[in-house]
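The structures come next, written out as structure tokens.
In the two complexes that follow, chain A is the common piece, with chain B as its partner first and chain C second.
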Partner chain A sequence: MARPCAVVGIGQTKYKRQLPVTLDGLVREAALQALEDANLTFADIDAVVIGKAPDALEGVVMPELSLADALGAVGKPIHRVHTAGSVGASTAISAAVLVESGRYDTVLTVTYEKQSEGNATWALSGGRSGGQGAGGTFAPWIREYIRRSKAPEHIGWKVAVKDRLNALKNPNAHLHLEDISIEKVKESPMLWDPIHFLESCPSSDGAAAMVLTSEDKVSRSPNKPAWVLGHAKRTEFSTFPGRDTIRIQAGLDCAEALYKKVGITDPRKQIDAAELYVPFSWYEPMWLEGHLIAEEGEGWKMTDEGATEIGGDFPVNCSGGVLSSNPIGASGMIRCLEAANQVRGTAGDYQVDGAKVALGHAYGGAAQYFAMWIVSSELQPDFT
Partner chain B sequence: MAQLPDIDFTLEYPYTRTTGPIIGPFLTGLRDGRILGTRVGDRVICPPLEYDPADGSTVGPENLVEVGPAGTVEGWTWVAEPTSKHPFDRPFAFAQIRLDGADTTMLHAVDAGSIDNMSTGMRVVVRFNDERVGSVTDVYFVPGEDAPDAPSVDADAEPVGIMEHLIGVRIREPLQPFRKRFLEGLLQKKIIGQRSPADGKVHVPSRGYDAINRVPMTEDDDVEVSGRGTVTSYTEITPIQYHGQTETEPYIRCSVLLDGADTTIGGVDIRDIPIEEFKVGMRLQIVWRDDISFDDEDNRAYGLNESVYERWERTGEPDVDPDLVKEHNF
Partner chain C sequence: MAFEPQENDIAIVGVAQTAAHARFDGPEVVLIMECVNRLLGDAGIERDDVGFTIAGSCDYLSGMPFAFVSNVDGMGAWPPVYESHVEMDGAWALFEAWLRLQMGDIDVAMVVGSGKSSPCNAREVFHLQADPYVVAPLGLDPDALAGIQARALIDAGKATEADIADVVARSRAAAAANPNAQVAGSVSIDELLAAPYDMAPLRAHDVSPKADGAAALLIARRDRARELTDNPVWITGLDHRIESHHAGLRDLTDSESTRLAAAGAGVADGAVDVAELHTTHAHEEIILRAALGLGDDTQINPSGGPLAGDPVMATGLTRIIEVAKRIAAGDASRGVAHAASGAALQQNLVCVLQEGA
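Now for the complex of A and B:
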């Protein structure tokens, strides 16, 4: 039987382009902030779990080796996780598992990306896939979602505006687009039809960190814990005969397993805030459906009705989301730690009033890796 | 028939590195003729770090101290046959050098002339190259203790804040047999897939195994499929100008489910069907190039090699209902 685990410390750098720090300095800033939040030092940490997207993004091969000392891991185990864009959430889950299993009491987990030191579109294709880029892969699926669901075209624009307005409340967010509007989004250049420039995530630098600890050690840290109620990861191949890339089996399975573990029977009612990995605007309704929060074909209606705004009944990406900050390797962990911020009551101006249960989610590769967790202010929340 | 060579390509990119509060001054020092370490407790660390490697505590630039210029070799290896990546075109030593005033060693190159001149415990001293840019390769070491002449320094030069870092890797591997048969088929204007012995589905191009049923596929499973098919997915790309980008105008990349296949070929390049007419369900056929050859084979591509076709053209058949190909929209 796994033992309870909680987030007791959170650290984030500002998410910008060309942060004037080394990779050592970048990960240390987030890690030291998380330790300070937890009222701990490197000496209190039993193991370090680090994650980032492909090494080709910065051209530093096996950075977990050169960053180990910078993260105080001398004489301690360091693990490196890699699951493409979902890696930040997978890393958080790996850290939680190390605590839940009883192997380590207190784990520091750190993820980062410094996109300004390389080029993601180049790196993700290994320099030889016709320059299609991530948007080029997802655009046809978005078009197919629109065709199947009959969603009106303004849904994507609406998500793009909502997440950028939320980002104005988040001092760490990369994009602070004061004058964002539906008009601006739809008049921005079409990058990969139907994805406009302003419906796409930025290319960011930044690091995110958390300290996770076991139930008996939670009281060492003064600030409110976020209990990790459950998590799930699922994977499928990028291409195979019969793959449905819109309603993705691994995504459905991942959500189903997670809700079952936590005891959630009606996610829309029982989850107070969600941080979903939405690098292109249309992925908000696509994941609402793809993770069983909305019925098939109904996700876009939640967006359209304002249900996903702060103040709506299912707020999504109150922090501004991936659309406002995308240090790729960290982006999934940011979803997980912003979920924790919501239930700890530390989300500042983008706090959802009284949030008790929050969902963090990421996907990666050709929408083939999924990692999700649910955190709560209570170890055993009443879902009835 | 043209010969199929093994795979051989070079992947390279000009990355940048932000040098930060400690490595920046260290590199600036090498450019300006001095070697810096950091005082950390009762030790001096060189090359310096932003933190104490023992416990991770922060070490700021106020702790920078000058070390050297001479030092002691604590370990070494002889490079008898230097490559183009090495700092010298003649045999030399890589050595762990503990500079005078430092408590840790720095790995660097010693231009010793002969292996007979190298020994653990020997004294070496730094030399500054005439051309220095703020890089660890601005200096090298020679046997002895004679301090170098003070190099000429540009007093107005900016501190080193960002450095360029070109990284390249050359990849060579043999073509896998299934891939070789696929590419040889293309040379004969045939598209060869593999039919899974487990469920009968035809994979084009094949990976050499059925990933869903986890069974290998052999030459006996090879089948030819049609050069005609249905568009299952497409992207209109407005090119982003990154390093190495050669595209300037919008173009289409689509996936085509060839008749007789159960997987799509991806990345099909469309230049001359108007974007506004393009849609899922459209019927296309390949127009082969007369003289087919390859220059960039690999084992993993999920499309046809672009060099085999002139273009894809509409067959004139009616469109297929998109619902019938929705399982193939990768």
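Now for the complex of A and C:
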């Protein structure tokens, strides 16, 4: 039967371009930081779970093989997850399953991408998206969201500015745009109408890592744990007649299953901070609605009122989010570990005061893969 | 002694596989759909009855990043499903599904492995598994490294070229009874040894013929397994380990990671009637047999094994299916299935299967 699992170590590289560092160096830096945070060494690790987006992004097939040495995995199990853009969060969840199943006490999980070694937009333009890239796929859906919700066009600009201002507080963030403003965003080139250049995520390098451990081993690590209260994943087909690509059933189902597991009845009230996968600005209000945090058509009002700013009642992407750093394969894990940072009180200058319960989220493919988890400073928080 | 399953034990309750096609002209998703439909039909359950689905495949074989996304169409995802994917052989998907079911809240999982290698040059693709900075530029692909490994084995006095040819002759003879095999038939050791070298001391027939294919299985927790089948095949041990990527740091004539996985899975806890080994190069059988501690009383690769057909990314999962089929049919009571990844057996998975009520 499932047993509790907690995050006891977190490691992140900087997400700027890292040309002088090998893939091995990149993942090892994040892994060593996470181990140091957990006050453990590779010898304490029972299994490694690694995730990244398509192998073609760096041109290395099944990189768990060549990275096994750098990750201290020799003699151990190493497991490799790939679920498109959601992979970082899926990897965190798979690692949690290894612990919760009772088979492995302490698991190191690492995700990465090194976009400077390849051309991600080429890769993202292959296959199902038919040459249009991620922005080309999502732009018509964003337009449809705007039509349905009657959201004013400045909502996207506001998200773009908010996340970049948050990123100024995060030393790991790729983008540090000191002079970001609504004017700058709306005057930046239009890439895929209505998505401007500054409403899009950057191409980043970087690795993110966590150490997860079972309840009886938590006390080995001196720093505060983030308890994994629950996780959920849902997938639907990328395309079929009648598919609602705005209010996506898999996203609704995923959130519903997660809240039920954790015992959340009013997510806006009971969750203190959220890290949502927002690669294009408009996905903030879209996921607020798409994951049952706001009523249908009301998500953009939360953004407009400042509810999603640090200091608002539902802060979103205090770390700067995907809009400020996007090492694709790691981006979902960064959402999960930044949620953990918030409840451990280790989020530095972007800490939400007194955060006890936080949500980490990622999506992928044609907005068809969802992976979410909720972490807390307490194993059994009181939601009443 | 008969295995007495506990509440948290997991059994294989259904299996399906396609033929190992030298070239399948339809898309990969059709291969998957063929397996999934048969699996659900045989078990008499609906798609909704499956609580967790997980697949293993390799985008690079199709030359298309996110190729696995299309595979979801073959597995069913409407209404939305709880699902995941490993960029590994389907045997590793089974590993995660097996752990997931042990959490207790879900009682049936579906595991799929699929690969369509015919559109690509698989040897070129798997060359890209090598470390991109210092190994890949040497041209050291898995077949080349296999040749070096076979040479080391012969030099160490652990095998002869005739021993390696014997593995191929046995595989092909056994494959005659396997309708899914790609290569089968009687061939003598002398005929095999007369063939020219490819990656000396290996010859072309020592390398598995890459194929297009899929395999899938259903697993269930004890009580649900008993409802779904009269012949559950229990997974009594499952472990996998990796060793160094750098061949120079390894004893290539042994498989330390297989030994560790075998110990973790409890291979030595009982007699092994049958073993299916993921041997993509003939000499690997000799190394694996020693590392798994298998004696002459264990039947090795009665399906013919990968040397008779290698549906890449489904090959490891197929080993598990081949053992499970024999136990379910009552031809064996305990067996070992092995899956491998990487050059020269870098990563190995060992699964122990057993009969039991």
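The working rule: the second predicted complex is superposed on the first by the 376 of 384 C-alpha atoms of A that agree within 3 Å, B and C clash if a C-alpha of one lies under 4 Å from a C-alpha of the other, contacts with A are read in each partner's own complex, and residues count from 1 in each chain.
Here is the rule we go by: a residue touches a chain if its C-beta (ideal position, glycine included) is under 8 Å from a C-beta of that chain, and two chains touch if they have at least 3 such contacts.
Bear in mind that the values here come from a model prediction, so they are computed numbers and not experimental data.
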Exercise for the section: Pick one for A:Gly72: touches chain B only (first), chain C only (second), both, or neither. Expected result: first
Exercise for the section: Once the structures are superposed on A, label A:Ala84 by its partner contacts, choosing first (chain B), second (chain C), both or neither. Expected result: second
Practice task
Please indicate which partner A:Met333 is in contact with in the superposed arrangement: first for chain B, second for chain C, both, or neither.
Solution key: neither
Practice task
State whether A:Leu323 touches chain B only (first), chain C only (second), both chains, or neither.
Solution key: neither
Practice task
Would you sort A:Val21 into first (chain B), second (chain C), both or neither based on which partner it touches?
Solution key: first
Exercise for the section: Tell me which partner A:Pro189 touches in the superposition: chain B (first), chain C (second), both or neither. Expected result: first
Exercise for the section: In the overlay, answer first, second, both or neither for which of chain B and chain C A:Arg103 touches. Expected result: second
Practice task
State whether A:Thr137 touches chain B only (first), chain C only (second), both chains, or neither.
Solution key: first
Exercise for the section: Answer with first, second, both or neither: which of chain B and chain C does A:Gln249 touch in the superposed model? Expected result: second
Fill in the blank from the handout: After superposition on chain A, the chain A residues reached by both chain B and chain C are 22, 24, 56, 58-59, 69, 73-74, 123, 126-129, 237-238, 240, 366
Problem - Interfacial residue positions of chain A with respect to chain B in the complex - result: 18-22, 24-25, 28, 32, 42-43, 56, 58-59, 69-74, 114, 116-119, 121-123, 126-133, 135-137, 139-141, 143-144, 147-148, 189-193, 237-246, 366
Exercise for the section: Can you check the complex and tell me which residues of chain A touch chain C? Expected result: 1-2, 22-24, 53-62, 64-69, 73-84, 90, 93-94, 97-98, 100-103, 123-124, 126-129, 232-238, 240, 249-250, 253-254, 257, 365-366, 368
Handout entry: Complex contact set, residues of chain B against chain A
Key = 9, 11-13, 15-21, 23, 49-51, 53-58, 161, 165, 167, 201, 203, 211-212, 233-240, 242-245, 247, 253, 255, 262-264, 266-267, 269, 275, 280, 296, 298, 302, 306, 322, 326-330
Problem - Contact set on chain C toward chain A in their complex - result: 8, 58-60, 64-70, 72-73, 77-88, 92, 95-96, 99-100, 102-105, 125-126, 128-133, 135, 239-246, 256-257, 260, 341-343, 346-347
